[in-house]
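Structures are listed in the sections that come next.
You will see chain A twice below: alongside chain B first, and alongside chain C after that.
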Partner chain A sequence: MNANRTLNVILGIYVALIFAFVFAPIIFSMIFSFNSQRFPTIPLGEFSTEWYAKILADPDVWEAALNSLIVSTCTALIATFLGFCTAYSDFRYNFRFKGPYLALILLPPTIPLIIMALAMLAWFSKIGMSGQLYSVIIAHSVLTAPFAMAVIRLRLNQMDPDLEAAAWNLGGSEWQTMRSVIIPFCKPAIASALFLTAAVSFDEFAVSWFVSGLNKTLPVIILEIVQGNIDPQVNAIGTFVFLISMTLVVLAQVFFASRQLKSIRS
Partner chain B sequence: MSAPLVVFDKVEKQFGDFVAVKQLDFEIREGEFLAIMGPSGCGKTTTLRMLAGLDAPTVGEIRLGGRVMNDVAPHDRDTPLVWQSLALFPFLTARQNVEFGLKMRGVGAAERKERALKWLEKMGILEFADRDISTLSGGQKQRVALARSLVMEPQILLLDEPLSALDAHLVIRMQAVLTDLQRELGITFVYVTHSQSEAFAMADRVIIMGKGEIAQIGTPKDIYRAPANQFVAEFVGRNNILSGNVQALSNETARITTPSGNFTVPTNTVQLTQGAKASFVISADLVHISLGEPDGENKAQCKLISEEFVGSMVTLFLEDAHGQEFKVQMQERELSKFDLNSGDQIWLSWDTASAHVLDQS
Partner chain C sequence: MFSKLSRKLNLFALTWRLPIIIWQFVFFVGPVLFMVAMSFFLVKNYRMTEAFEFVNWSKMMNRGYFWDSYWYTVFIAAVSTVCAMCIAFPAAFALAFRASDSTRRWAIFLLIIPFFTSYLVRTFSWFVILSESGVVNAMLGSIGLGPFTMLNTNFGTLVGYMTLTLPLVVILQTVTMANIDKTLVEAARNLGCSAFRTIWQVIIPLSKTGLIIAAIFCFILSFGDFVAPFYLGGSQEPTLPILILDTTKSGQQWPRAAVVAIMMMLTLFAIAFIGIALAYRKPKGAK
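The block that comes next holds the complex of A and B.
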């Protein structure tokens, strides 16, 4: 009993340390974004929103933010659509080479980003599609579709396989059944996949940097600011980007967890 | 007799190299309660799925009301199925589940609601209309599943082991609900089950299937008293099977020699030949017991092994000196007159007319 309690305390400290290790840099970045001093040193200067004012006044940052918004929204829609289609084809059909088919679909996230980015750049240049905003969208869709598929596939695996046939049996055509049974059943997973792919796309740097050309996204502009000199503006943008990604990931988790809870309850 | 509603015409179904069912040749009459019964893997569910259009026959023809159904898509048929898993839509309420089929058929919202509520009321679950499916009990879900199929007002209702997930006492209740419904609506029920008690309690006719083929079609009484072959006799259970050779043939009876003695059987159902192998059954409830040696041609002395009580009925399990097992079913109050203990030697006897010779093929 006593030994158990000691162990629990030690494990609690261990977990707290891990969280501190992961989040300390981000928290410091947030603190310094409100610091009046130019260099990130302690003791801190006064509280200031100077750096926020500065980035809000910068048209380049605004453009990058808009680009990031467009890219992540379009990527989320395309990747989730592709992910849903592949997950459904896996659920519904049995065919030859299904194993290799699934492996191939799940491959992109395992390729090192820098290799992926170079390959994308080379390919897009070859077919004259590089340097456009849609190039980033295509590249990000390829990159994130496997995540969407994994999330939706998990949900479809929880479905009673008789459900679809039951809808046909009650007079539903294939399309009616898709609309009124498969999609409603997968709705939480689809929402989760949308937020997750949007978050991954919003944060992604390497591929964006290679294929975006002049249409920079937020992570790309952050690097450009850092490359020039040490500028606390980066902390302000960083805080901003972090909050947006965290919101998206949390939303994805909320949809994911609520359905898990529901399925445990029933 | 009216024309059959459904005809299975030499239907065969293969999945790859595996033959699920073959030589399915039977009719389903309008308004009857037909049970298809057999051990798991006998092809009974495949038969039902073919009727619903979820599997297509490899060979042969299925006709519904005279129309060939082989190439008709499931959603163009009017053959609602009550699933073993119930297959209720978990993201809809009870009422929305019942409305589903009507919605697919393009029935307007007001009429849908009215018809759904009418059926929920009929099934005694109106108060749960707006509840989520996951909050309902097994029996309530069962009723939603029935209402969801019956709201379509079909000519024929298919049921695939619908009671297998319920507790024993609920099964009895739902059996009464189902037979009452079938009588009231006058529509055809096709009921697939592995449970003999369910099939015999509800069905007008029973099809016994084994290894993808029909073993016997008949009324529950036919099947119980006069099983067509060894497979049916063993599947039906509560009867005694004896095997031996034909020793003597007379006009209407035959004398059969078995290790347990010589017995007389009627030969009105099967053609027997002198010296050939023959098996016959006697239903467990047609065997009499006595302490002293009885008169008559059919008797065996046995040792009582054990007793099994089910309510007022009791089944005795016995064995004779040659290892042949016997079962006797009788009223408990009859048995109590004998004051028996396990290990006691008693005599069994039965009338010649109670024996039924099995088809050897």
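The block that comes next holds the complex of A and C.
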């Protein structure tokens, strides 16, 4: 048994090291954002909010933040709607070409973003929709709808299929049943999907960079600053973006987990 | 589909089925097909004209630098996949078999966090940490080692790839192994199977499908990433994504970028296809 204990300790340390590797860049970026040195090293320089002051005074950053906000909000609404439609179709119906139908929505995330970026850029230029904020919204909806679909589909899995049939038997039309049975049941998953897709959209840079033209989003600003030189403003913007994304993800988790617990209890 | 309308296909059903079909055809299938068509277009005086010529294909396929870049990208993505799978395995093993349910759930929740932090910022952070006078070299220097050059090397690129892929690979491996039947593992141990043999002959075969899917995702992510090889690898040997970037952003040569993109997609299809075939192949002797 002693050997077993030792092994557990070793494995525990190993897992801790993996987590250290995964979180090191996130934590260091936050530390650097409050560090006075332009080129941070050990020992650290003095505490400073210089970089935050700098980004807050930059109108480009504010404009990009507004763009990001618009893009992620609209993306979340469209992607969640599309995801809900697909999840419900998959849950309720069996039809010919269901495989290709599902592939149509689930495939985009398996294609590298740089390829999607090129394809979207070329296509939007062709049909005269490139370089606008709505180009980014459309592209992001395609990329994030599968996540919404997955979250909502998982929720529908927990629903008793007889519930819908019962509502019909009691005289509800399909539309009424949708409004007063299915959608209320899916509400936590819908909320969860909204936050999740918003978070993914908020961080995406490759496609945004290609199709946004002059309407830059925050990640595109980060990309451009990084291309120039070492500039700790990136850490400050990054910390902001991180806090916003994390808030969205935690909200998504809270909505999804709380209702799951409730439905297990009841 | 419309020639044989099933009885159930009414307005209600169509409302839920059609939006996504139209949307994905216009904004997903459209772009991808157009990119394929574009690879046959011509560029004259910096303007793209619609045509059906093989000149982009023959130009790219006959260029040494394309194939150098191609094989380098395949190689470095494969190395990344092997590294991620091997580095993740002990951690996933520990989380799947040695950790309590709640610990495992927390670990997975924590590992999801990186997906929602800017990959760019994390890469930039590594850039600063790994540089000649960065944190790692300062720490190594204090015990009399280094400084080591880590940026602009394959090592730098791999650190970037691991940042991108390791959380996902650990999650997928953990979930796969946590779901296998624990009694089979115990039976092997009780029958005197050594720990390593249990892992090799019981655990790995039982979780084969999940492990292969983790490897496929890892390969796709590394193969398609331009950030790590560009910022941490210094793009001395440009990978295919960097080639697409350069051709599109600076040269206006969209058709040639499309050729590279199609070659990448074909490669990924082939790898995913082989992987999935292996993942679902029945073991020898099974009915």
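As a convention for this text, the second predicted complex is superposed on the first by the 253 of 266 C-alpha atoms of A that agree within 3 Å, B and C clash if a C-alpha of one lies under 4 Å from a C-alpha of the other, contacts with A are read in each partner's own complex, and residues count from 1 in each chain.
One rule holds in what follows: a residue touches a chain if its C-beta (ideal position, glycine included) is under 8 Å from a C-beta of that chain, and two chains touch if they have at least 3 such contacts.
On a predicted model such as this, the values are computed, not experimentally measured, just so you know.
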- prompt: Where does A:Asp160 make contact in the superposed view: on chain B (first), on chain C (second), on both, or on neither?
  reply: first
- prompt: Given the touch rule stated above, what does A:Trp62 touch, chain B (first), chain C (second), both, or neither?
  reply: neither
Task: Quick one: classify A:Gly12 as touching chain B (first), chain C (second), both or neither.
output: second
- request: Once the structures are superposed on A, label A:Gln176 by its partner contacts, choosing first (chain B), second (chain C), both or neither.
  value: first
Task: For A:Ala139, decide between first (touching chain B), second (touching chain C), both and neither.
output: second
Statement: Of the two partners chain B and chain C, more of chain A gets touched by chain C
Message: Show me the chain A residues, by the header's touch rule, that chain B contacts in one structure and chain C contacts in the other.
response: none
- prompt: Taking the complex as given, what residues does chain C use to touch chain A?
  reply: 1, 4, 6, 8-9, 12-13, 15-17, 19-21, 23-25, 27-32, 34-35, 38, 87-88, 90-91, 93-95, 98, 107, 109-114, 116-129, 131, 133-135, 138-139, 162-163, 166-167, 170, 220-221, 223-226, 231, 241, 244-245, 248, 254, 257-258, 261, 264-265, 268, 272
- prompt: What does chain A use to touch chain B in their complex?
  reply: 160, 162-163, 165-173, 176, 180-181, 184-185, 187, 262, 265-266
Field: chain B residues touching chain A - in the complex, by the definition given at the top
entry: 52-54, 73-75, 77, 79-81, 83-85, 87, 89-92, 100-101, 103-105, 133-134, 148-149, 152
- line: The answer for chain A against chain C in the complex is residues 8, 11-12, 14-15, 18-19, 21-26, 28-29, 32, 39-42, 81-82, 85-86, 88-89, 92-93, 95-97, 101, 104-105, 107-108, 110-116, 118-124, 126, 138-139, 141-142, 145, 174-175, 178, 199-200, 203, 205-206, 210, 219, 222-223, 226, 230, 234-235, 237-238, 241-242, 245-246, 248-249, 253
